[in-house]
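Below, chain A partners chain B and then partners chain C, in two separate complexes.
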Partner chain A sequence: MARLLLNLGIIGYFGLFLLAAVALGGYWTGDRQQPQQPIAFPHTVHAGTLQLACEFCHRYAKQSRRAGVPSLTRCMSCHQTLAAEREEIKKLTRIFEAGQPLHWNRVYRLPDFIYFSHKRHVRGGVPCAACHGDVARMKTVRQVRSLEMGWCLACHRDLGAPTDCTTCHN
Partner chain B sequence: MERRDFLQLLGLFSGAAMLPGCSENRSAGKLVSYLVPPDEGVLPGAALYLPSTCGECPAGCGLTVRVSEGRAVKLEGRAGHPVNDGGLCMRGQAALWRLYHPERLRNPLRRDGAGQFQPLSWDEALTLVVEELEQARQEGRANLLLSGRTTGTLTELQQHFCRQLGVEPLPQFEIFSHAALRKAYGILFGQAELPHYRIDQADLLLSIGADLLETFVSPVGYARQFSRAIKQDGFQWLHAEPHYSLTGANATERLVLNPGSEAALLSFLLLRIESSGQEGRLPRQLLRALPAVSAGQAARLTGLAEERLERLAKQLLLAERPLLIAGGIATGQPNGLQTALLAGLLQQQLGMIGSRIEFARAENYAAVGSLHDLQRLAERLEQDRVGVLLVCAADPLARAPAALDLPGKFKRAGLRVGLCDLFDDSARQFDLLLPLSHPLESWGDAVPRKGVLSLLKPALDPLHDSRSAGEVWLELLRRSAKPAESASYQEYLFDVWHRRLDERQLQQFAEQGYLSLPVAAVPLRLQAERAAGQLAGAETAVAAPWSLVLAPSIRSFDGRSGSLPLLSELPDPLSTVSYGRWLAMAPAAAQALQLEDRDLVRVAAGDWSADLPVRLQPGLAASVLMIQGDLLPEASLPIDPRSGELVRVLDGVRLEKLGSAAQLAILAGSSSQHGRGLIPDPAHHAEIPPEQSRFYRAHPHKEYRWAMTVDLELCIGCAACAAACYVENNVPVVGRRDHLRGREMSWLRIEPFYDQAGRAGFLPMLCQHCHNAPCEPVCPVYAAYHNPEGLNVQVYQRCVGTRYCSNNCPYKVRRFNWWQPQWQAPLEQMRNPDLAARDRGVMEKCTFCVQRIRRARDRARDEERPIRDGEVVTACGQSCPTGAIRFGNLLDEQSAVYRLARSERAYRVFAELGTEPSVYYLRKG
Partner chain C sequence: MPVVPAAYLPLFTILLGAGQLLQLLWTAALVGGMLFSLVVLLQAQRHRDPLRMGCARELSRRLPANGLFGPLYWLLAAVNLAAVYSRYRPPFLTPPFLGSALVLLAGALTLLFFYRRLLHRQRSAGIPLLVGTAGLLLLLGTLVLFACGGAALLNPEYWPHLDYNPLHFLSWNALARLLLFLALALPLSGAALLSGSQSAPPDLQPYLVRRGMLLAVPGLLLLPPGVLFVLVTLPVIARTPLGALLSAAALLVALPLCLQLCHRLREGRDLAGRPLLAAVTLIVLLVGLGDVLSREQVWADGTVLARQTVSAGAEQQPAVPVAQPVGPGAQLFRAHCAVCHRFDKRLVGPPLLEVLPRYRGRSDALQQFIRQPVKRDPDYPAMPALELRQEEIAALAAYLLDRLEQH
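Up next, the complex of A and B:
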């Protein structure tokens, strides 16, 4: 009896870790892939219906490592008048008038030890969709690529881009 | 162990191993939008480079501040700046540690009745000061302002403030006041100023005591000048000193003097040169006043050979452009004023004044007082005649000699107001603390010497609720209903600049961060009669052993930078001691007493004594002991009554062996090269073994092969490179405990090697990026590998911490992270965002600043061209005050490193091992 209890205890102990690992794994991927945003910004409208170029808002993509999110002034330059009656735009206006910045949740996130430059990729002719997918069809943007090293390297090899470790690893 | 126990333990460990993985910094997962887009020229993700001026010591070097995402992350010397022209010393590099110091004052504090400090608002604090000033005035007590050295507009504002509010400005406080020199020049020429010395214009430099490369007035500037001078053929540098300094170690020849014999040496030289009849004659009454020192006497007093003394006189006579600089230890002695006077006379006699000694560009020390002024302050405090005592950016409590009992007398002032930055022991002596902004957070200007105007411009918003001194003075004026003239100190400065500078100058000032302004010539005439009267007392008494010299520290200046952790982590270049204090002693003297490194001794002078571990210092005179001046603030040092300078050489010091040993972090394994030719002896060029056959496969390099050259003729061992490397590469500061175990983290270190005669050579040692790197084949996980551009790369994410690579590295340059690096807030803001901090269990090392190569490549790609020579400057090379470190592409035949690597002087350390390092050293001579 004691032996059975002990075995159950051991199995239960390890099982707990297994469960915790699975649960955490699920939670993390879920969080990384499609976070909810403080304002339900529809790429489907801006990039889809209106066909705005990515760089209209992410204006540093060609010049800097960072693509950048639009400044609130940029948003308000249209939304001062456009669709101003909608709930989400009212929310935006309130934040803007309070002089607060918007804290968007990151969808794509590279580890600290990775050097990545939007500029190099965009100027090198890699289309935005190659990594970010067809955002014009995403109501809420989700991560469509794993961003794992193997995935990066596959493309680098195909396009003849450098594959030396120091290209990306800090 | 039973299977069951094993399983239980396994379960426990697996659980423990999972726990650290459960934390994640969630706030970092945000993308924060701008409210309004940034100004033209600001690109998110790209760093800004702003001009500023270093405030870590009075030299006033020009800075380029690298600002990334609103945080200052790196300081570099500003190229072209008239003071430092590109270099920056280790203290300048560490200035960021002051900015982000965890112990910075965050808001005004007031001591309550129970002696505890309570926060209060600026409004309350300033109102309190105004009220107390008024009350003291009514009671007839004096309100005083004691400030550290200020220059430029702040000095003017301070004077204006004092006039308007009836505050008496005391002469400014600096422990390195150079008071004896200024007084001597005042007596001789009626110019009580510190002139600007032009080493680069000289063909023979004789320096006596002045620690030109450590703390003397403008060390980076002098090092830069030295690097220019040494490129001229036949440049000679003789340095005379009783102890052993970095300056002495770098001179062509170091003349070891008996302590206190500087005046005798100068008297002898004056008389000998006078009697040669070749140079300008000295007035008769002066000659009569000179102590008659014959060659024999001089030899006996100084300890130098008679022949050497004669030759020295001859060298001075033969030189076309000789330059004499006396100061530092030489004038910090009981006969320091006479030494300074005699030096001034010799400078006049050999025609240096006006040519290589420029009073027209005098260093800005006019407002600085001496310890006499502090003595007077102590007396006034004792008489209870002081109301409000304002102390601004000065630490007289920690620096002043204990004999003054300043901390005790301070208590008698009505209200003690401290404007300071760190909440340290001195700060706790005040009643009211007003936090000062860091120079990098403030507007301002500096006039380090006549004709130089340097800009201070905020590189970031103040981290805490602090203000600059200028803002405080203006605010106090306003609250006392006095004309404050401007709404803010920034406006005040702009007004001043607009009044003084024309449009073109203003634009230049704003763009380059400094201005060279025309200076008026200063007519000088030797006032022989006055000088003659002051020469009495120049006689030298033979010092009684032991003599104790308090050497100025390159790491902490006068002690003010000692609170910056980086400067304790960086070893002293001569002794390689990092943490703790020590007593330097000649090996011969130590042997006689059967003392070794780390043995404890008791040193005593008068009623002061201290127990210190011994550190052997080759080349030090046998009867001389040496400690770092900043390490013994409690020492009861006397004040020279004639000049008001601190006496920094003590005679008749007692020494007692205690018979036990202390822990002392000595980082060097040995002070000798053991004949390995790490720094080859110039006399034995042919003895360098030929490079041997290859053991490894050759690597092809297509476009770039990065290489570095280090010119040992220019290297002065100042360790500015090591400090720059720490800041640039987020190298963790691990502290004393790890250093005692030999676990230092520096990617680049200065190795001092001494020969039999005690002459030092300095070897900057960093990863050699071997072509055939022994670290690479032993790594089981391919973390160390050779990249196509010749870099030996460490991939941290692959590293599993076997440390095989470090064991197999003949240069011992790989560093292992024994702990998770800690960055106490807000120090983490200093981290360079271009590279990640390494984790526990990972090996790291020099990367040849791969992030800088990447930045240059990015720029080159944008312009569709290859990387230009000189476009990649490593952090160490940038900071080097003498430009000893060059970096570039070895495949480019036009590059500087290609040329230097093929120079006759080039060699590689341990070339005989066949490692083919990419670092080429250029030997002396």
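Up next, the complex of A and C:
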């Protein structure tokens, strides 16, 4: 009886933590930090080889809270002739011609109660790579910053930006 | 220290990971063995027990820091630190940090050397106990530095801010690593004790075996919370499913070990040392490999550049940038043309300085081309119509011809 109880106790104890570790592993799988996109858009080519400025496509970064993703018209202005034979571009063209929207998967997601403005940061001289990493080397863009409050505050304090609660919290 | 060339990076990373796993195993055996030796010595002093005194001597004789092992261990730590610096360039690996870590380690190893000498020469336990405790504390001091450094390597987003607030160097993950290390060190040294007990003097053997088993159990019981504590305190960008699964696999290996040990202890039976040592080594390697994977997850895809630019960008650019007066033509060029054209080099389209001269003084022809591009050179793809308004086309043409004159 005592042997059985000891067995059960140890197995239960290890099992609990084992389950928790497996559950964490399961929770971390999938697209949480590096979502696959409907079109395999290579930043390595556009931001890397072609060295396009980020604002060439993310046009509102300097003027608005949101950096924005480019409209399909913008993609097609080049791709109606360029690399038109490639499978991904054909897919893009089909979506464009059907007049459908392209549902890009969001990579960076802030909670609803956070007020964040791209305009403030870009105009304040924070380079895009400070938060987004070296996207020119990422085949599929992934989240490279935790977006935790401590990280925001460290930078705000370092650069003398405001640290009032209401600066970021609605 | 040279930067590692990109071509050798995977090989270098594997070697670095192997070096760190070796150091982890070595340190765990050293710390566990030393801790146990001191506990036995303390009991020997309290009970004036020659058996325990002999046991403490036997343990100190087996520490993996004796003879050549001490300098070799120090060298391994120094090489690992240099390799980490080469690979990741962390700003906290400054000469004072490196110096203090290596001096602390050298001090700890020297004290451990004297501990063994004193223990074998002196009859009383007092002075060796003092020297040994000081050595172990110094060793634990270096471990704190290594644990904090290891945790900070997973958190490069805080590096630019270390100058402002050095407390960023401390983290819950570092504390979790220390706990986990202890949970690995105890069973490893316990298993080493068991497997090496046969070569000990016969009167010490039962005592060593029993203590070895007793030492391994609390370590194994500490392992599950230690593993989970490390996992939940990992920075978001360091979380990898495979790392979590490796930790789970380590627990899966530890479970039957713990069951066996508890039953054998309860029934007063011995356990074979070598299989236990092999299993505990496997647990240490699984946990260590999870750590290496987490770090590589953080360091993939050029995160390095991001941490370099956050402060560099802030220094180079004024807090309130001075607005450059940019004409509508320049803006249009940036928005519509710059994706394919540069003035001085071929991109998607030809260098503009090569094709624009034919439009010198012929703004109308240039405007017509922009309005309705015609494929001229078979070397290049056809230029798409940009669907601009007439006044935009005129501004763009004026800007292009103006730039041509400036060159």
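In the analysis below, the second predicted complex is superposed on the first by the 143 of 170 C-alpha atoms of A that agree within 3 Å, B and C clash if a C-alpha of one lies under 4 Å from a C-alpha of the other, contacts with A are read in each partner's own complex, and residues count from 1 in each chain.
Keep this in mind: contacts are C-beta pairs under 8 Å (C-beta built on N, C-alpha and C of every residue); 3 or more make two chains touch, one makes a residue touch a chain.
Because the structure is predicted, anything quoted here is derived from the model rather than measured.
A.B. asks: State whether chain B or chain C is in contact with more residues of chain A in the superposed arrangement.
C.D. replies: C
A.B. asks: For A:169, decide between first (touching chain B), second (touching chain C), both and neither.
C.D. replies: Touch status of A:169: first partner only.
A.B. asks: In the overlay, answer first, second, both or neither for which of chain B and chain C A:42 touches.
C.D. replies: Neither partner.
A.B. asks: For A:151, is the partner it touches chain B (first), chain C (second), both, or none of the two (neither)?
C.D. replies: So A:151 only meets chain C here.
A.B. asks: Look at A:70 in the shared chain and tell me whether it touches chain B only, chain C only, both, or neither; answer first, second, both or neither.
C.D. replies: In the superposition, A:70 touches chain B alone.
A.B. asks: Figure out whether A:56 sits in contact with chain B (first) or chain C (second), or with both, or with neither.
C.D. replies: Second partner only.
A.B. asks: Classify the contacts of A:17 with the two partner chains as first (chain B alone), second (chain C alone), both, or neither.
C.D. replies: both
A.B. asks: So in the superposed three-chain picture, is A:113 touching just chain B, just chain C, both, or none of them (first/second/both/neither)?
C.D. replies: It touches chain B, and chain C stays clear.
A.B. asks: Do chain B and chain C land on any of the same chain A residues, and which?
C.D. replies: 6, 10, 13-14, 17, 20-21, 24, 123
A.B. asks: Residues of chain B touching chain A in their complex?
C.D. replies: Going through chain B, the ones touching chain A are 4, 7-8, 11, 14-15, 18, 22, 29-37, 43-46, 785, 787-789, 791, 793, 795-797, 834-837, 847, 850-851, 854, 858, 861-862.
A.B. asks: Residue numbers of chain C touching chain A in their complex, please.
C.D. replies: For chain C paired with chain A, touching residues are 157-158, 160-161, 164-165, 168, 221, 224-225, 227-228, 231-232, 235-237, 239-245, 247-248, 251-252, 254-255, 258-259, 262-263, 266, 301-306, 309-314, 316-321, 334-336, 338-340, 347-348, 381-384, 386-387.
A.B. asks: Mind pulling up the chain A residues that touch chain B in the complex?
C.D. replies: The touching residues are 6, 10, 13-14, 17, 20-21, 24, 60, 63-66, 68-74, 96, 99-106, 109, 111-113, 115, 117, 119-120, 123, 164-166, 169-170.
A.B. asks: Going by the contact rule at the top, pick out the chain A residues touching chain C in the complex.
C.D. replies: Checking each residue of chain A against chain C gives 2-3, 6-7, 10-11, 13-18, 20-22, 24-26, 28-29, 33, 50, 52-53, 56, 59, 76-78, 80-82, 123-127, 129-134, 136-138, 142-148, 150-151, 154-155, 157-160.
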